[in-house]
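Below are two complexes that have chain A in common, paired first with chain B and then with chain C.
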Partner chain A sequence: MSFDIFLQYLLNGLMLGVIYAIVAVGFTLYFGVLDVIKFSHGDILMVGAFAGLTTYIGIAGTFESPWLQLLVLVLVSLSIAAFLGAIIARYLILPLQKAPPINTLLVTLMLGLALRELVRLFYPNGSNPKPFPRLLPSDGIAIGEFILRSDSLILLATGVITILAVQRLITKSKVGLAIRAVAQDSETARIMGINFRQIVLITFMLGSALAALAGLMNGLYYNEVNFSMGLLLGVIGFSAAVVGGLGNFYGAIVGGFLFAALQTVGAVLLPAILPSVPSAYKDVFAFAVIIIIMGLKPTGLISEKSSERV
Partner chain B sequence: MKSRISTLFVALVISISGSVSAKDTVKIAYIGPLTGGVSANGIGGRNSADLAVRLKNQDPNAKYKYELVAADDECKPNVGVQVATKIASDSSIIAGVTHYCSAVAMSTVDVYHKFGLPVMVWGAVLPEITYANNYKEVHRVNGTMINQNEVAAKFLTGLGYKKWVIIHDTTDYGKGHNKYFSQYLTKNGGQILGTFGVTADQQDFTAELTKVKELKPEVVYFGGLTPIGIRIRTQMDRLGIKAVFEGTSGIKSDAYIEGLGKLSEGSLSFIEGAPWEKLPGGLGFIAKYNQQKYPDAPEAYGPFAYTAATLIIDAIEKAGPDRKKVMAVLNNTQNVETIIGKVSFDDHRQNIVPLISKYVAQDGKWVVWEDSLYAKGQRKLGQ
Partner chain C sequence: MKLLISTFIVCLIYCILLLGAENQLEVGALVAIAFVASVVGKKTGFMDRLAVAVSHRPGFPATASVIGVLVMMVVFHNSHFALLMLATVLIYSIVCLGLNIQFGYVGIVNFAGAAFFGIGSYTAAVLATHTAVPHLLVLLIAATISALIGSILIYPVLRTRGHYAALVTIAFGILFRNFLEVNDTLGGPQGLKIPPLTIFGWNLSNGLEVGGVELSFYIPYLVIALVLLIATFRITRNLERSWIGLSMDMVRTDEIAASTFGVNIAYWKIVAFTLGNFVAGLAGALYGMMTAYVAPNNFTFADSLILVSIVILGGIGNPWGIIPAAAIVVILPEKLQFIQEYRFLLYAIVVILILLFRPDGLLPRRVRQYFPAGKAGGKE
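Now for the complex of A and B:
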């Protein structure tokens, strides 16, 4: 394999990794703060992407500049997802706080299905893939076979900056301190005067906005969105969060990039080593390795004992 | 009192004569993907079958009144089997116009055979649907992917292309296309640099396509359906792959062009039969279709669904609403004039369709190759 092709694989892997990591961070936030697994996370991502698409259709004639269009659709999409996240936390998650965790898992699983079906049935022609607007500049430089496009670079940078910003928010800000306090021990945090309900709502708004951002990045990268896009992304994000150490911020990022690396390696190596095995098995390969890692390190790569939650 | 009795008598006579002239209702089924990624084709097929039913119901000489029972197989084999079982076990349904997706059609043939429901496939192109078993219940009005791939392979080798990469989904449909296309391509002197099997719901193809880029093919052949066709074509562009994109009948839908916009330009597709404008009864079909004001287009396989429904209705008119008798009539279909041309079934109840049409996406529309700017040399593929 030549170096330029290797670079192309690396860029592909990093793009996937950053999207997975953002999704995984959402799962980790919910679990860290409230010990809940919110299975509708992938579908919130899809709703965010469709909200962005709808906003674009609505404003396409109003603003000329693609940057301005992008800004508006990001703001609207993230706000809608955050609002949805708050509603879910207020009316589904908090009332079920005393119920067994399996109930929350089931409720959010069903909510995800409902959201998916709503888009499929009620979004105009919702069952077909939708072209997502190409709002980012598509020019790029070619080094041999390797093409570095500006849009890929912008998306990658956005992803990395977002992850760093969330990390700073959690470690340096007052809200972050409150989130971490609730994650460590919600009872003590309450006694110390932290508004538990408010922190839960903020966490869900943050997680859902992150999901919407991942959805928009996905749309801008692939130039296509569809009603079922959140399904696999949700499962991958969740697996990434689990393998990294569910509830651990850094674990989610490690897990996201690890999963992307495994998929890329699987797609390249599997057909090369076993010619009869198509690259379609790359997910099987990636999940199989994740299962093995889980067997070896049941609490995740960065386990709770060695680090703080969230 | 007398007048009251006579009024009653008249009313009685009217009601009896009314019930005598009212026709019995006969149900026929339609099964196709009404939701999901290829639903545009499924809905077009449903409307077309519905058109056949509506037209027959307007015919004063029709012996029966027909009702179309439409069901959604979601293009998923497991859903298809459930729906087929529900339809086939309903004894009030006499026959069915069934399936656009090959993987679904393949998984349901046993059900129709078990329940003795005569069906006519209207869109699925996998040869095994009719040829793998000898089920007298299963007929197919459209051609198979064997004919399609023979033309697809000859066409581009004839234009001077030599190096191919094949990407196919790993369903029966995609694997079948890979098999027959590879066979005819090597026969015609084409070289296959690599074959990639991908899943039907895969989102990211950048790893496979990076490998494709390394192989430097002149043509990327894609055996699969519209949703991943759109994704692969988009991601080819992202990675700067300039090869010609050669699809199958699976991407011949308006949704493909809508999903890709300008990027669809120059994509190729092949279908059995001809565009409706060139079908013997195409103009009449589209005029009647438009009269009914369906909100969606009949799509590429609508005329086949219409023909399948018409043949079934004609068989019921001839033999009465009895599954076995209808099946016998359908089995013996030879040289029947329809809107798609003459329909004749071979020994496996497969319609012999010698005509395959080549299409190229040009300025946001599928255009028959011979009429396109590409054929005239004004545009070049893969630019």
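Now for the complex of A and C:
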């Protein structure tokens, strides 16, 4: 394999890894504070992407500058997702806090299905893939045959900065302290004067906004969004979070990049080793490895620690 | 007894009307009637009286259901669509009984139900096209293969718990669908054709004539589905009533307590998981042969969710709840055309509401009753 193709795969893998890691961090946040899995996470991501697309269609005539368009689009999309996240937490997750965990899992799975169907049925022409606008500059630096495009670079940098910012927020800020306190022991946290409900809502808003960001990044990178994108991304994000170790922030990031690496390796190596197996099997390979990892390390690579969740 | 028989007759007439109804208004009115009747029945205490009557004659619902299906079969003897739906309800009930053993008894949630159903269909397609294996045997082989492929998952399923276990089955379901989509030998996204079921040289899809009356070719499939359903139902029910069911319940409710009492957790989980997948594969093979066609799009994650939601809608762990739940889930969208497009949305909303407000389902599972009422203390 020539060097420039290798670079192409590397960049692609890193892009995927960042997006997956952001999605997985959302799962980890929810699991950290409330020990629940919000499976509609992937569909919130999709709703975020569609909200961004709709906003773009609405404002494309008003603003000329693509940067300004992008700014409005990100703000609207993230706020809609955050709002949706808060509603879900308030009306679906908190009332079910005492129910068996499988009920929460099912409710949110079904909610994801409902969101997916709502977009498919009621968004104009929602059942077909929609082109996502190219808002980022696409000029690039050539390295041999490989062209490092600036939009990929910007997306990659945004992803890394977002992850770092969330990490700072959780470890250094006051809100982060409250989130960690609730994650560790919600009873004691409540006694110490932390507004439990508010912290839960904030966490869900934060996680959902992250999902929307991942959705926008995905849209900007592939220049296409479609109603079912959330399902696969959600499952991958969940796998990443679980493989990394649920509730563990760094585990989620490791899991995200691991899954991206598996997909990339699957796409490159499978046809190279077994010529009869096309690279389309990359997802099959990735999920098979995930199942194997779950068998070997049943609680994830960095296993859950009760003392430090988020 | 009078109460039971009259209720049965009313229900039967209702089912026949619903299956036979052609225009949307009729169907809508019938659904509304059922809803009102159930609310009124609850308020006036009729349901409780019915429950008491059933507990005096525990065998009645089973016999009545079988008779009901047979009567409907005679009424709709040449209407393909009604029979197809009826057979689909029975087949879905079989799959969900299998899932019920996994989910309701030992507590393994299988989010890959549609995948095991699909394995059955695909095995039947391949075997029936390329080999000369007798078709009734194909059903059994398909079921066995489904159970065998399921056993790949046993190790991770046993080692993991809760969300981690859910991931294993979700990942498998998606893996399976992806595999089918990209695998050209299995038809890729277009899927495969399945030759019709042939028993002792008799091609079931040719239709048949008895005494000058032409019968739909779905009738033989319906009869096979009914026989399989009765068998599965009996197994599930007897499993529940036996010490096996007791051990399984214990595994589900408290693994640690179960193991201190010497219950082999891994063993029962393996038994339940394998049995459930076997049943799902069996139903899948029959369904594939009936519809003569399989494609990866029929075995998506959403379909697995529908199967799980039937189990929940019926009342987790209660085999009796599954059949009405399957009927609602299968027939309603087919009958109400305007629902057809919105059915996934509707299922999703209904399941969310059930889990929020009635987490036990339509017919909640009762506390074990080893002796039917009246017999426990000798004669009445």
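We adopt the following convention: the second predicted complex is superposed on the first by the 307 of 310 C-alpha atoms of A that agree within 3 Å, B and C clash if a C-alpha of one lies under 4 Å from a C-alpha of the other, contacts with A are read in each partner's own complex, and residues count from 1 in each chain.
As a convention for this text, a residue touches a chain if its C-beta (ideal position, glycine included) is under 8 Å from a C-beta of that chain, and two chains touch if they have at least 3 such contacts.
Since the structure is predicted, the reported quantities are computational estimates derived from the model, not experimental observations.
> Would chain B and chain C fit next to each other on chain A once aligned, or clash?
On the shared chain A, the partners clash.
> Regarding the shared-chain residue A:Ile194, is it in contact with chain B (first), chain C (second), both, or neither?
Neither partner.
> Would you check which partner chain A:Leu169 touches, where first means chain B only, second means chain C only, and both and neither mean what they say?
neither
> Quick one: is A:Leu118 in contact with chain B, with chain C, with both, or with neither? Answer first, second, both or neither.
Touch status of A:Leu118: second partner only.
> After superposition on the shared chain, which partner residues are touched by A:Val72: those of chain B (first), chain C (second), both, or neither?
neither
> A:Pro131 in the overlay: touching chain B, chain C, both, or neither? Say first, second, both or neither.
The answer is first: A:Pro131 touches chain B but not chain C.
> For A:Val242, is the partner it touches chain B (first), chain C (second), both, or none of the two (neither)?
Once the two structures are laid over each other on A, A:Val242 reaches chain C alone.
> In the overlay, answer first, second, both or neither for which of chain B and chain C A:Ala280 touches.
both
> So in the superposed three-chain picture, is A:Gln8 touching just chain B, just chain C, both, or none of them (first/second/both/neither)?
The answer is first: A:Gln8 touches chain B but not chain C.
> Which partner chains sit in contact with A:Pro298 here, chain B, chain C, both or neither? Use first/second/both/neither.
In the superposed model, A:Pro298 contacts chain C only, not chain B.
> Taking 186-194, 258-266 or 276-284 from chain C, which overlaps chain B after aligning chain A?
For chain C, the clashing option is 186-194.
> Kindly list the residues of chain A that each of chain B and chain C touches, one partner per complex.
In chain A, positions 121, 232, 278, 280, 283 sit in both the chain B and chain C interfaces.
> Quick check: in the complex, which residue numbers of chain A touch chain C?
It is residues 31, 37, 92, 95-96, 99, 101-103, 105-107, 109-111, 113-114, 116-118, 121, 231-232, 235, 238-239, 242, 246, 278, 280-281, 283-284, 287-288, 290-292, 294-295, 298-300 of chain A that touch chain C.
> Over in the complex, which chain B residues touch chain A? Could you list them?
For chain B paired with chain A, touching residues are 35-37, 39-40, 169-170, 195-199, 201-204, 206-208, 210-211, 213-214, 226-227, 230-231, 234-235, 238-240, 255, 258-261.
> Per the contact definition, I'd like the list of chain A residues that touch chain B in the complex.
1-2, 5, 8-9, 12-13, 15-16, 120-121, 125, 127-131, 142, 145, 147, 149, 152, 218, 221-224, 226, 228-229, 232-233, 263-264, 267-268, 271, 278-280, 282-283
> Considering only the defined contacts, which chain C positions touch chain A in the complex?
That would be residues 109, 152-153, 155-156, 159-164, 166-168, 170-172, 174-175, 178-179, 181-182, 301-302, 305, 308-309, 312, 341-342, 344-345, 347-349, 351-352, 355-356, 359 of chain C.
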